[in-house]
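Several structures are given next for inspection.
Consider the two complexes below, in which subunit A is the common component and subunit B and subunit C are the respective partners.
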Partner chain A sequence: MSRLSVRKTYKLYIGGAFPRSESGRSYPVTSAKGDFLANASRASRKDARDAVVAARKAFPGWSGATAYNRGQILYRIAEMLEGRRAQFADELGGGKRAALEQVDATVDRLVWYAGWSDKIASVHGAANPVAGPYFNLSTPEPTGVVAVVAPADPLLGLVSVVAPAIVTGNTCVVVASEPSPLGAITLSEVLATSDLPGGVVNVLTGRQSELAPWLAAHMDVNAIDLTGVADADLALSCEQAAAENLKRVLRPAAAPDWAADPGIGRMTAFLETKTVWHPVGI
Partner chain B sequence: MFEYAPAPESRDVVDLKSSYGLFINGEFVDGSGTPFKTVNPATEETLAEVATASSDDVDRAVQAARKAFGVWSALPGAERAKYLFRIARIIQERARELAVLESLDNGKPIRESRDVDVPLVAAHFFYYAGWADKLEYAGFGSAKPLGVAGQVIPWNFPLLMLAWKIAPALACGNTVVLKPAETTPLTALLFADICRQADLPPGVVNIVTGAGETGAAVVAHPDVNKVAFTGSTEVGRIIARTVAGTGKKLTLELGGKAANIVFDDAAVDQAVEGIVNGIFFNQGHVCCAGSRLLVQESIQEELLAALKRRLGTLRLGDPLDKNTDIGAINSAEQLAKIRRLSDLGESEGAERWSPACELPGKGFWFPPTLFTGVAQSHSVAREEIFGPVLSVLTFRTPAEAVEKANNTPYGLSAGVWTEKGSRILWMADRLRAGVVWANTFNKFDPASPFGGFKESGFGREGGRHGLEAYLEV
Partner chain C sequence: MTTSLADVASSDSALRAFLHGLPGVDRVGADQRAAMLGTRSIKTTAKAQAIDLAISMVDLTTLEGADTDGKVRAMCAKAVRPGGDAPSVAAVCVYPDLVAVAVEALKGTGVKVASVATAFPSGRTSLEVKVSDTTLAVAAGADEIDMVIDRGAFLAGHYMKVYEQIVAVKAACGSAHLKVILETGELATYDNVRRASWLAMLAGADFIKTSTGKVAPAATPPVTLIMLEAVRDFRDATGRQIGVKPAGGIRSTKDAIKNLVLVNETAGDDWLTPEWFRLGASSLLNDLLMQRQKLATGRYAGPDYFTLD
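== the complex of A and B ==
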């Protein structure tokens, strides 16, 4: 007699813990062929607010960590992901070889961003030669709490939007792909075991059309990435709501090619430039 | 305080016309809206009548800019650079004329328009002129311009804000439609004449005057590729909402409520000068003004005594007098706002103080004002007053200073006064503001990026960073 497998309960990831939605709601997730995979949590507005609180709480520590330390942790995420290569390929489904390639590309993307942590300031900062006896230096600083509406691509796409936001010191609240949210929760298990402080990445699953507007209008969210919003009306209403507290908005003109060289634009979109002046004298 | 003999700068250098048109496609043309008057805020005398651009006029200006874009963006960068260098030189040649006109129209002391505004304007054009043929080295990958830039600027630094907008836009190969503020249009119109003297191709710079409706037409115009605005956070929100979904590139430089933090080891006399410069420079009409003084509790009495003594020596009066420290409030509307918020400060329980200070009978004036006993919840600690009004709060520890400084939706600037280097850097790390002045305040330079965190807006002006707003990145 074959053994009955022990299935995983897919929950949310908030503040380093895995709670169910406080609303008690869930929705069925199916494979591309329509087979039942799991019941994912359908996050509520309260869950979204809790996630923002967790992200805000984690911000001083994460943004205050050394760039070297953040780079080490992103590299650690890559290591943990590599170790669960087969599991992620399984979850992705489809052809095994193609799935493994996706996982490998995701690991490589994390390693790429890990290396940026202590280089972005050199590339994006400046020593400014002002016309007077002043020391003057500009450095890139994280924007704060970033809401990330993740694209449909459940692993490479997801990591390609989360890694650039956090590597520079931001914390984030991620709305996972609505049809394929399970990879985001399994990725959360990787994050939870990679020395990433709780609250740096928070993951919500559920209805994008519910969650995105709440985050776009939340007054303690500093920026929003609308890459995953395919519905133009929804994206527009989110962009308009974001104006209320002047959130930085990232809304790519075209759907990005996740296999292409990402460039530094996704990092600089969520960076502020801080310029410090001091007189020179004896 | 001993008396100074009057030392007024001559107005003769300025040739004021009775009326001004719009500057579109290299020509001064009539506007189709109802003209408005611009007044000297120090005397309430009408300086000139200025055209109002209707949305049709704005459309003509955008068309002229679009047509000029082809030619201008195709010019080799080195040629664009030479036009900008020319403009910088003419600004220097006509510096006194610009300074006097700025003080007449704005009310700021001639000492500031002559020694700060106009030199910075020329420097800004010089700085960005040099970038025009080096854009591929700026680190933004592409060196492609965006197209037509619609720019709306405020009344506090009329010509300087024009320079901050136009110089980088032109250097990158864009053409512009700029709307100056309705209370201070004159130096922008004089700048139009400077463009003509420089033989700048028609349509590269267009100036449309008018009030909010004209600005809204510039921002909403479908053929504008880039919107740049400096002004209030309130209007910034409206603009962000208008631009949402259009794909137009947007930069906003908005309000502030900066903390100027003085520790117990600071050099008191220098700190006092910095506090005065921080909030009374330009009558406090400065988005990055140090309007919240956070003073360490142990030196509160000593510092406030020195500050009050210093405020007693400030000279308020004729903006054209070379000894004037504090000029006129820019408009009756702004004066009413300052009065309303100051009265609110008193009624909410803060203690109000001003030095003995005689205000001229005509014009718009407000004395330098201090509020002590201010709580973080008071309106005078939260709202941008945009006038010569300083709110004083206290703190005990560096952590408390950071907490209070950051307790605002704004994040434009901050000041730190201490002799301890490590503490400066510790504070600078934690202050959520785009500019941190340590043992100095209100310093500006074309090579230094300026702009805010949070609700103070986004994007940077100045320096290499300032190019990003005008390039396809």
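== the complex of A and C ==
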């Protein structure tokens, strides 16, 4: 008797769980050549709302964890990803060798950001010289909940926008690439098994034009990364909506080259600076 | 039934016979009916109305050992003007020693002051202490008294003792409204909830209230449903209308609206006013205000823009 294959249902990743969209909708995902791959959930604004609630709930724990601990967890994600190298290369499609290179670059990117967790404060913070008997120290603090509209690059691009947001202690709601969302859900399975607390990363799949405006306008979202928004009008309206509660907005002028050295700009974009004065000699 | 109600409290055995003669509650049926009514979809303008009605029904409550005069004053200010053009809440609910502070802060605003009394939340003290607790709260200016019943006596079957305590506290209330807290989380069965509701109403309660908020589960929808059925049946039997106040565990706008649906479908819209239905809550108000703002602005609201309490 031949065996029936067990095929994966691609769902959302919210608060550490994998729910279907509350709307019950899905949309077909096709490969670059137009072949049907799978149906992905088409998240609604209410899923986005729930994801923000989950991210907010996870924020105190994640931002309060030690930098060392966050680094370890990011490194753990890299380990888990390495273990699923073949699966991710398969899902990426295209040439086998090119796909494996992409996966390796993604693992390396995670390890690179993992190392930054306990160094960003030294690089981005400062002991400020002041004209008075005080120590004056500036230290970076996570902004809060970051909405991330992920770029089309389904793996390296995705990790390159998510890792810098969470390594400093932010939590995020990711809108996965609309044409190629499957890698984001498979990555969620990696995140779910990497000691990353539920809710630190929440992944929505669906229409960018449907989800991004709600996240941009949401008063409980502290920053938005519009890297993945290709439509200039949508990006502009998101920026305008984000102004209502003075969200930090990251909107690169040109599409970034994900293979290049990322620099620390993406981490510092979602940091606040806390400055404390401490009397000297007491 | 009216004729029999006049003398059900004439003796312990008559009271017991009456309470145990009440029809039993179908647990599965009550759970299902409450769950089914919870699926009603209330949207747009109806939702806006429901939110404003719910705000006007809130008994804004702080019952912590750490309560201070300042906290009560801040809560009173919020009770009068919750935010934007939202209506005032119905009442604030505090411990007896803080009633004077609340009365001072709410003078002339129309927001009532409710005080818990009778050794809240356990009720484990003598009747003398319970009565003087009530007297003090009333003397300090409380408009409403939230008393707890002696659950131990009730569960042991000493219905007359519970009845007499309620009567005594009611007498101590004078003109103040008496809300009787059944603490349904400790009553074990829905049948007991129905019996305790009738017992409290017979003894002269103006309101029956589900819970202290200190015991989980608190105001679950089926319990509220049973109490609403009790006040409906009591009015049919006696012509006297009694209010209902679910308290504890109602944290979201969705929960509040489910409660309003329960009221409308069970007791009827005579009860859909702050005079006859209250929601005992503290964190609920912020959620109602956030939903209100979401409807007004079209964007999801965030807790950063509402007061901490």
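The criterion applied here is as follows: the second predicted complex is superposed on the first by the 276 of 282 C-alpha atoms of A that agree within 3 Å, B and C clash if a C-alpha of one lies under 4 Å from a C-alpha of the other, contacts with A are read in each partner's own complex, and residues count from 1 in each chain.
In this text, a contact is a pair of C-beta atoms (placed from the backbone, for glycine too) under 8 Å apart; a residue touches a chain by one contact, two chains touch by 3 or more.
The shown structure was predicted, so the numbers you read here are calculated from the model rather than taken from an experiment.
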- Query: Which partner does A:A176 reach: the first (subunit B), the second (subunit C), both, or neither?
  - Reply: neither
- Query: Touching A:R49 in the superposition: subunit B (first), subunit C (second), both, neither?
  - Reply: second
- Task: Quick one: classify A:G132 as touching subunit B (first), subunit C (second), both or neither.
- Result: first
- Message: Is A:W214 touching anything from subunit B or subunit C once the two structures are fitted on A? First, second, both or neither.
- Response: second
- Task: Report for A:N245: first if it touches subunit B alone, second if subunit C alone, otherwise both or neither.
- Result: both
- Item | Superposition-derived comparison: subunit B or subunit C, residues of subunit A touched | B
- Item | subunit B versus subunit C as contact partner of A:V159, first or second or both or neither | neither
- Message: Which partner chains sit in contact with A:L81 here, subunit B, subunit C, both or neither? Use first/second/both/neither.
- Response: neither
- In subunit A, both subunit B and subunit C touch residues 244-245
- Contact set on subunit C toward subunit A in their complex: 298-305
- Item | Parts of subunit A lying in touch with subunit B, wherever the complex brings them together | 64, 123-124, 126, 128-132, 134, 136, 138, 141, 143-144, 222, 232, 235-236, 239-240, 242-246, 248-249, 253, 263, 265, 272-279
- Message: Quick check: in the complex, which residue numbers of subunit B touch subunit A?
- Response: 123, 139, 141, 233, 236-238, 240-241, 244-245, 247, 252, 254, 409, 411, 424, 428-430, 432-440, 443, 445, 447-451, 453-455, 457-458, 460, 463-465, 473
- Which positions of subunit A touch subunit C when the two form their complex? 49, 52, 214, 217-221, 241, 244-245
